[in-house]
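Report on the structure given below.
Going in written order, the chains are labelled A, B and C, and every chain counts its residues from 1.
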Amino acid sequence: MSRNGPAALAFHALFIAFILAPIVIVVAVAFTPEGYLSLPTNGLSLRWFRAIADYPEFVRAFRDSLWLAALSSSIAVLFAVPAALAVARYRFAGREAVLAFFMSPLMIPHVVLGIAFLRFFTTIGLGGTFIGLVLSHIVIVMPFALRLVLAASVGMDRAIEHAAIALGASPFTMFRRVTLPLILPGVVSGWVLAFITSFDDVTMTVFIASPSTITLPVRMFLYIQDNIDPLVTSVSAAMIFLTAIVMVALDRLYGLDRLFVGAGR
Amino acid sequence: MPFLELQSLTKLYGDAVAVDGLSLVVEKGEFVSLLGPSGCGKTTTLQMIAGFLEPSAGTIRLGERDLTRIKPAARGLGIVFQSYALFPHMTAAENVAFGLEMRGVAKSEKAKRVAEALTLVGLAGLSDRYPRRMSGGQQQRVALARALVIRPDVLLLDEPLSNLDVKLREEMQVELRQIQRTVGTTTILVTHDQGEAMALSDRIVVMNRGRVEQVARPTDIYRAPASTFVANFLGKINVLPAIVTDGVVSIGASRWPAAGTTTNGAASVSIRPERIIFSESAGLAGTVKSRIFQGHHWLLHVATNAGLVAVIAPNDGRAIPDENAEVHLGWRADDMALANSERAS
Amino acid sequence: MSTAEITGGGRTPWLLAAPALLLFAGIVVVPIVMTVLLSFHDWGQYKGIETVITLKNWREIGTDSYFFEIFLRTFRIAVLVTAISVLIGTPEAYILNRMASPWRGLFLVIVLGPLLISVVARTLGWALLFGSTGLINVALVRLGIIASPMQFLFSETGVVIGLVHVLVPFVVISVWASLQRLDPQIENAAVSLGASGFRVLRRIVLPQVMPGILSGAIVVFTLAASAFATPAIIGGRRLKVVSTLAYDEFLNTLNWPLGAAVAVLLLIGLAAIIVGSNRLVERRYAQVFR
């Protein structure tokens, strides 16, 4: 690969600055010692991080977001594994259609999904409930879970499963002792990506959340509509830190570029 | 009593015939190779024996049992796959133990048999190694041990040596044969490498387009190929046009006595390149067009008025004709196989 | 033996996929169908939703210029965001591709990482940067580029910038994927035949990367057109786009049928654009890449 010239590197530097600017500013403001929006030019302070404790609604929203993300990711993965195995292993009529169907939530704007779920859940009596929220999140995270589990299933040497069968393993034993351990990295990455997608979602969730079932991003969104103060920046900064940790872990486990680019072709 | 018997085994994919009514009888302890070019149906046949593919017609019998409808997990055959298919998340010992686990063998007995199997294939010290830390040759041996430890009735090998480099392949061939003789398991090998088939087998089944061309011992097949296809597939062969007149075969300007009964008229003569010698004056005249040194022997192509003839001369210090030299080619009359042109296959 | 897939398989693949299929049929197909139906219902401030079939909402959207303006603005924003994202995302992907090993991975994580951060947090940053006393204006005034602070917040410009930030990683991903599939020897071949750097880019690299650029553009366009959080935060209540309009109708005015009609129109419009562009891309590039 030939090197990049100075012009290219200058462009690149500007691009990176552009990408990092809003994130850096949020984190910077979060550390301000002042009582209003300002840069921490007079020194760093954790006051706004401590202040989060004074706002139980943020803490509760955070906890609810975690539960929601964990539940919907786990259930999505549970459904995705057999579906991925079906698509990876068998070439059956309708396979393309089935795959497209599972990937369809990616193509439907979250606004539309939010409205559709609002109408649906209200009609069947699940309006504003946690269950409704979980169901809707399962839908939007499923494509991510499926894509990664599928990539792992496809990448596995099928002959290994045949070897297990030839040695006398039942289908279930083969799955438990051979297939599952081998696709596990894909399953775990799929779960993590699903978790993050669920945790971060705001556009769809804002339609179906209710005062008793609010997620953290929605809580923040509603708060920002009225005023922007350092509190919301410290919450954001906390979220960014957590995401950064998960991101590094995910990169180590799987590779971020493989996650976004190479998976599920 | 035949040990393994395939009766009219057939596999159709729509209108395409992959295997066409293949019948074969394998004796207990025999080493049989299915040999042929890609697409000849040898792997399909093996897959049917293993149970991963359902035959369109025909049966597979193992002794008294009819295997045809039995699921692969219940057939009790040992299989070594082309890619070895080792379980990457298990050590060599765990891989080998897997089949025993499925059969519920007791722990101590299992450990003993695993150790025996690994020693048999020469990997006694590698029991705790993972596949990705092993060379291709070592992986192949683990795969073999895994298949043999369950004491299968039949061992199926799907081109097991094709991923190894040449030298290793030759070594493994010798070892494979020794192991098979030691254990005595009936073995079926699928390969496209005629050298491998000849080196390992008690009998070779030469296949072409789903059909069996010939089944015989390696030396017999080589000496007396049943068809042009078999002749060309095993070793090199020269096929020269000839005319038979009253017991004399004329090839170009040379004359040869005809062995056996022949009818007069146009015919073709097959002669192996290594059976041809350079003689002073008698024989088929020609000019050396090219000579290629191949270490153990020389390969020469001689232009004659019966066509281009390939000659293999051993590198044992004898004089080898130069390019453009005028030579005469001679051979023993019974090294020559004669076929009448109308009957030519 | 068989590393290939099993053809057919009978009932097994369907049995395996059944749970997920049923789940999806239940909670994807049904709600969408219900929403479409909802768009045909009537609504009144006191009577609420009336489950009749009427074209009232559709007529309203079709005739009232208020709606037309909003759809036009959304379209305009989406086009701008797509164009800018492609213009800056493509070269960045190319530059990244040419970097040496530790930097390449690092910067890829920096560029793609923000996708894992909630859009609220990212847009909050822009809200802080914009504003008359925001950093950007302060810097621009200090540098003498402008005389008085520019209006970023609550302006289309601000929304466009914010959306570019959120969506440009998708262009980078798409172009990066295309670049990975390139045979580096092709560039060398062109150079050996006498082509200079820029020529190589234009005649050799760009045509091969085009499908990646186009599919990235499609993704960005759809996401920009249906964006909610960023326009809501930066654009404010007065600068409406289609998504915030739907939100308004649903959660403020409570005219669900009208909101549903807006959403369905967005869905249809985007579906048409996606399918149309995909077909265009395939037809244009099929012979090169099949």
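What we mean here is this: a contact is a pair of C-beta atoms (placed from the backbone, for glycine too) under 8 Å apart; a residue touches a chain by one contact, two chains touch by 3 or more.
Note that this is a predicted model, so its numbers are computed, not measured.
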item	value
Far-end chain from chain B, centres as C-alpha averages	C
Closest chain to the centre of mass proxy, which here is the mean CA position	A
Between chain C and chain A, distance of the C-alpha-averaged centres to the nearest whole Å	17
Distance between the centres, which are taken as Cα means, of chain C and chain B, whole angstrom	59
Approximate Å spacing (C-alpha centroids) for the pair chain A, chain B	55
Numbers and ranges of chain C residues touching at least 2 other chains	1-3
Chain A, residues touching no fewer than two other chains	157, 159, 162
Chain B: positions in contact with at least two other chains	50, 52, 79, 81-83
Of all residues in chain B, those that touch chain A in their complex	50-52, 72-79, 81-83, 85-89, 98-99, 102-103, 143, 146, 150
Residue numbers on chain A that touch chain C, as the complex places them	1-4, 8-9, 11-12, 15-16, 18-26, 29, 37, 79-80, 82-83, 85-92, 95, 98, 101-102, 104-105, 107-113, 115-120, 123, 135-136, 138-139, 142, 146, 157-159, 162, 196, 199-203, 206-207, 216-217, 220-221, 224-225, 228, 232-233, 236, 239-240, 243-244, 246-247, 250-251, 256-257, 260-262
Touch list for chain A against partner chain B, complex	157, 159-160, 162-170, 173, 177-178, 181-182
Partner chain A, residues of chain C touching it in the complex	1-9, 12-17, 19-21, 23-24, 27-28, 30-32, 34-35, 38, 88, 91-92, 95-100, 105, 107-129, 135, 165, 168-169, 173, 176-177, 180, 184, 222, 225-229, 232-233, 242-243, 246-247, 250-251, 256, 259-260, 263-264, 266-267, 270-271, 274
